[in-house]
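Dropping the structures in below, format is structure tokens.
Each of the two complexes below includes subunit A, the first together with subunit B, the second together with subunit C.
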Partner chain A sequence: MPTDALCTANPHAAADLPPVIVGAGPAGVRAAEALLAAGLAPILIDEGAAAGGRIYQRQPPGFTRDAATLHGTEAGKATALHTAFDAIAARIDWRPGTLVWAVRPGELHLHRDGRAETLPFRDLILATGAMDRLIPLPGWTLPGVFSLGGAQIALKTQAVAIGRQVAFVGTGPLLWLLAHQYRKAGGGIAAVIDTTPSATKRRQILGLLTQPGMLARGLSYMLGLRRAGVRIVEGAMPEAILGEGRVQGLRWRDARGRVQESVCDAVAMGWHLRPEAQLAELAGVPFRFNPRQRNWEPDKDPTGRTAVPGVYLAGDGAGIEGADAAEIAGARAALSLLQDRGRAVDAGLLAALDRRAGAMLAFRHALDAAFPFPHALAAGIADDVMVCRCEAITAGELRAAVDPGGAMEINRAKAFSRLGMGRCQGRVCAPAAAEIIAARLGAPVEAVGRLRAQAPVKPLPAAARSTP
Partner chain B sequence: MNQAIFTRLAETGRPRIAFTLDSRPVEALAGDTLLTAILTQAASVRESEFGDGPRAGLCLMGACQECWVMLDGHGPVRACTTPLEAGMAVRLRRRHAD
Partner chain C sequence: MIWRRRSEAEREPVPAERDPDKHPVLSNLAAIGKISTDVLVIGGGGAGCSAALHIAERGVRVTLLERGLVGSQASGVNYGGVRQQGRHPAELPIARRSRELWGRLREITGSDCEFVPSGHLKLARNAEEEAELVAYADVARQYDLPLRLIGRNAVHAEFPFLGPAVVAGSFAADDGHANPRLLAPALARAARKAGAAIVEHAEVVRLARDSDGFIAETANGLEVRAKSLVNTAGYWGGAIAEQFGEKVPIQVLAPNMIVTEPLPYVVKVNLGVVGGNVYLRQIARGNVIFGGGHGEADPVALRARPLPAITLEALPLAAEIVPMLRDALVIRSWTGMDGQMPDHIPVIGPSRTTPGLFHAFGFSGHGFQLGPAIGAILGELVLDGRSGTPIEAFDIGRFTLGKPP
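Up next is the complex of A and B:
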């Protein structure tokens, strides 16, 4: 059959296809709003049941806590985003509960209610957000260990605490915010252990002062926890999560090298976030290493454009910048898409978005430097500690895979060790695994590369899978 | 003995829903995820297939895949992203280990 017969058989001329947005968090919702405002109703897809994304995730129907209880100082922004979404929901093609599990040129593979389907696209905005970055510790597979983000989802969307006495360990704004939220909600706190010394944070004060409101909020969380008598330790490193069958304590080493233990029945841990960028990778977007965050991220320019025509990125899925920046980036990417479709775009609006995005950069850079990723902790994980939880691969097995004659690059280490071959595709273990391999090879971490994503980006029930 | 991992802090006035955990009749609340329904009364959701002990989830956002459980008549589901429904029959242990 002649190929153009195939093309003309396509019911949609590509030019008529509505833009597709994946992710209905702050970035995706603002992108949808901007497209609709220009008369182009998008398809908005999210795996979750409701819009809002991670920070403004909605509680299920039947829950009664108000926005102030749920979102604190961010209640106004949460309500604004939900209101913006509710105002457009009926006028766009909103597809909740739908996982995008593969991207091929011009085609998305969706999975909803046990069924797979394909969706042709011409223009795609990926606003897929982020997940916690974790460091394996002895005992971290014990029931009662959760990520900081997971512990927050428990509280916000289920009104449960992850334990009666929770130890919070890691670094970054989410550590302090979450401890503050648990305290306000009446949760028990065993300790807050920040791996960053306070002097490191103080050194960034000038940069942090560029957003005085954010700085004041962060300081008030710290102060409130101290006033409430919560045990707070800075510059300490966790050594092990203790317990038989479940969490019973956390052992850590303070800044002076003394080993201490906190009694707790749950641990919330995390060291910032990492982009959920699997779809960007499948779409062919090149990646870059962000040395300030020590993360790989899909490469976009400040307008949201990528090297792949028709593929745009916005929000934390393209580099961790936070919720406010995500809203701006979503709208900005939508305007780029409109321009590329030959539509007129308000130059004043463009300039305003770019100005607001630019104004946030100094704060973001200061925040990255104020809460650095303790890569030596990850690199030094003892040989017997399980790094890959899906396939039960220890740090020692991983090191053996990179010993002389072994792998020089993380995907080869994966082939030798099975690390990252399990159900989570290395989402959980990849950052620590890269540090372990890099330290073993004496190479910079960016030199060992990153685990590559594969379709399906998340496991599907077998019956629903069709070959992409 | 209370084995629970999660502890409820608010929103406890929701309707109760009956389901079974390894054939044992239990209750949780409407609006719970399967993970919440399980971990407010049990100490884990599954045993590691590598024999290194129990697991109870990690991320609660559908990323880590640690929380898959078996639903009778349905197959494996991810507990943290599956809403609890009345009458669900959840298997935490493999059948032969019951």
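Up next is the complex of A and C:
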């Protein structure tokens, strides 16, 4: 795998430095735990105030709902992860509220409360997780439109619903999970609109049965929603979010082509997740296109190693595999790191982790096939719909940028149109933009490439000053 | 004589149907894999694309070979300063000529490349720097570059967004800034229209000369024969010159660039300082683009990276001259690669070893503004044997012939 020397020649490759983990979600916490168990206390960094990551995000101080209310069927796992973290927190170098905004060979750049700091590293585990993948729809910038993840965070950490009558639209397990969570919390549901037909899901039943517990949970969410009389539509495509100044409805086309409308005052939408992999890119890790998920992801092997010596990846930041797989991958990457440092690791544990990871893979592949990304919906976004919210670039402007004599890949389309040049640096619009460009060029989506990342990976206050 | 060839995996993916070999204009070329032309231009930055345009406009057959996409190196990623003020006096006649072309870009290329003749305000932050402004005003007068010196009170009255550290300014009303991402592609489009063949993803890996002229071979198997050769390969122009026995002390220069999220649009001039440790402009959308210091670059791997520590050093320097930046958020940093000569001015002119070869490279961090005129000058050199714009100071012989000619 090719990498380049600018990114990979680590001046601290032999230094006696503690391993550094970025991300304190399921992957990062389990990695920290495994390193500490081997007597190597890591530095664990997260921009959030508490450990837990996205799925097991803790409530802000003062909120006191119990784990069962917060995490439902996942309460046991959430509690286990929080307990595991609490047990090691005092013995590791835990740095919450700290953004890693840049990576150079052997060097992380941190920002916390206006102070910038350089942290030298020898070994690095990136466990940076994922974010929602969205498809821009007419009206998606109206107040009241949330990503599925955003709607879930509102519910989980602040105990607020995003509306009185919420329409859920998208595909993937999170769509159903979130609708279930809203129903349990007593929220009104206008409709659950899954862009995947039920037949597509049924076809994956054998693969999904490899994790019968997960399948059963998923089915129980669907069944519970149906029993509660929630309007459920599968194989339908959203057409527009309606409303003046705020969300008032959702228009969609059902599987038979009939246009329908649901009255709602909020919309939660999302089509799976995409890896948050900018730090991996800055660290010099090569990327690959995952055709099952239609995502670009940094390339790692099953042990968490990458082409860059000393840089390991774990969890959804290296390809969406879910929280359980993230825990396994975190521990596995830590063991690889220990081995590469010449430490003995428990062969039984290693084999067990690999076995469990392998077993989850069949389920993951079935899940990917059961909830495919509706790329034609993204590619067909009407010309007047805004694709890039930060820079207010419409699908039509993007198409104009690739028309004859124009751009032939996504970075050049960005240069011509300003798409992806704003505050989020294309993290939100890139998946849909790539589909639009590919369709316009008649090229496979992987051929139009991906937006290149640069520091800062998230906005950095210009008031940041180096600590002496 | 071969450059390092990059492996397939290192290249940007090219959609099959957009493969340059299958480009409609070049389909016959792909079939034979060989073309012969009058002038071959290597390098599709601002200088090379402008040269192709000027040559094609004279009805002469010209082919431009570009390793990546036109404008994918320095010309496409620079700060966007279109500035005459502060240049080496020898560059001023070229800069004056280029400024005239900048003013007519829409007419020439169909795009104004977002050129805004906003004026360029160069700032002094102490008495010593102010003395430099005064001294340069004398130089500028000799080259018909109108400058207006502004004292402390007046500069703050006229530009109220400036911080108290500023003690004086020198204003060049004629200067401005533009969108670097647009220039080379716009010139290339115009050149194509005028009849030039612009071939992207065509890295020249072998060059030779025989009695008929030059032969260039690209990594993807294209062979181009030409009577004249124009070297506008930017930093890599040094390696091409070396092929013909003209080794020059060129180094890679990678200015560190930063952009903020949109802020209220108040800085309506292009700002610089004496000494150049920070420079800053704002676009109408509100983003502030600024630079200062240098990143790192590996011109073999074709990678350039901004340096976080340098970004952190530039932040207070920028906030010192424009305090509103203290509350901004930085959303991206980047850099690019230009060729830097020891005397900080480019190599422009005929080869001293090889008839029919012309160089224009090594613009030392300030060739974006010059690009349009460089193409015009190269067109004259190649087709007429001389240019009306004085270029003696840029002779490659100053490095290869031992002492200045």
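Simple rule for what comes next: the second predicted complex is superposed on the first by the 450 of 468 C-alpha atoms of A that agree within 3 Å, B and C clash if a C-alpha of one lies under 4 Å from a C-alpha of the other, contacts with A are read in each partner's own complex, and residues count from 1 in each chain.
As a convention for this text, contacts are C-beta pairs under 8 Å (C-beta built on N, C-alpha and C of every residue); 3 or more make two chains touch, one makes a residue touch a chain.
The structure displayed is predicted, hence computed values, not measured ones.
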Touching partner for A:R65 - first (subunit B), second (subunit C), both, neither: first
First, second, both or neither for A:I153, with subunit B first and subunit C second: first
Touching partner for A:A370 - first (subunit B), second (subunit C), both, neither: neither
First (subunit B), second (subunit C), both or neither touched by A:G422: both
Which of subunit B and subunit C A:A191 touches, first, second, both or neither: neither
First, second, both or neither for A:P459, with subunit B first and subunit C second: both
First, second, both or neither for A:E446, with subunit B first and subunit C second: second
Which superposed partner A:L313 touches (first subunit B, second subunit C, both, neither): neither
Touched partner set for A:V267, first subunit B, second subunit C, both or neither: neither
Shared subunit A contacts, counted only where both subunit B and subunit C touch the same residue: 391, 422-423, 459, 461
Contact set on subunit C toward subunit A in their complex: 7, 9-10, 12-18, 69, 76, 181-182, 185, 189, 192, 260-262, 285, 296-298, 301, 303, 305-309, 311-312, 315-316, 318-319, 325-334
Subunit A-facing residues of subunit B, complex: 5-15, 30-33, 36, 39-40, 43-44, 48, 50, 52-66, 68, 75-76, 80-81, 83
Residue numbers on subunit A that touch subunit B, as the complex places them: 47-49, 54, 59-65, 131-132, 134, 141-147, 149-151, 153-155, 158-164, 185-187, 245-246, 265-266, 276, 386, 389-392, 422-424, 427-428, 458-459, 461
Residue numbers on subunit A that touch subunit C, as the complex places them: 1-2, 4-7, 101-102, 104, 107, 109, 116, 118, 391, 405, 408-409, 412, 415-416, 418, 421-423, 425, 441-444, 446-449, 454-456, 459-466
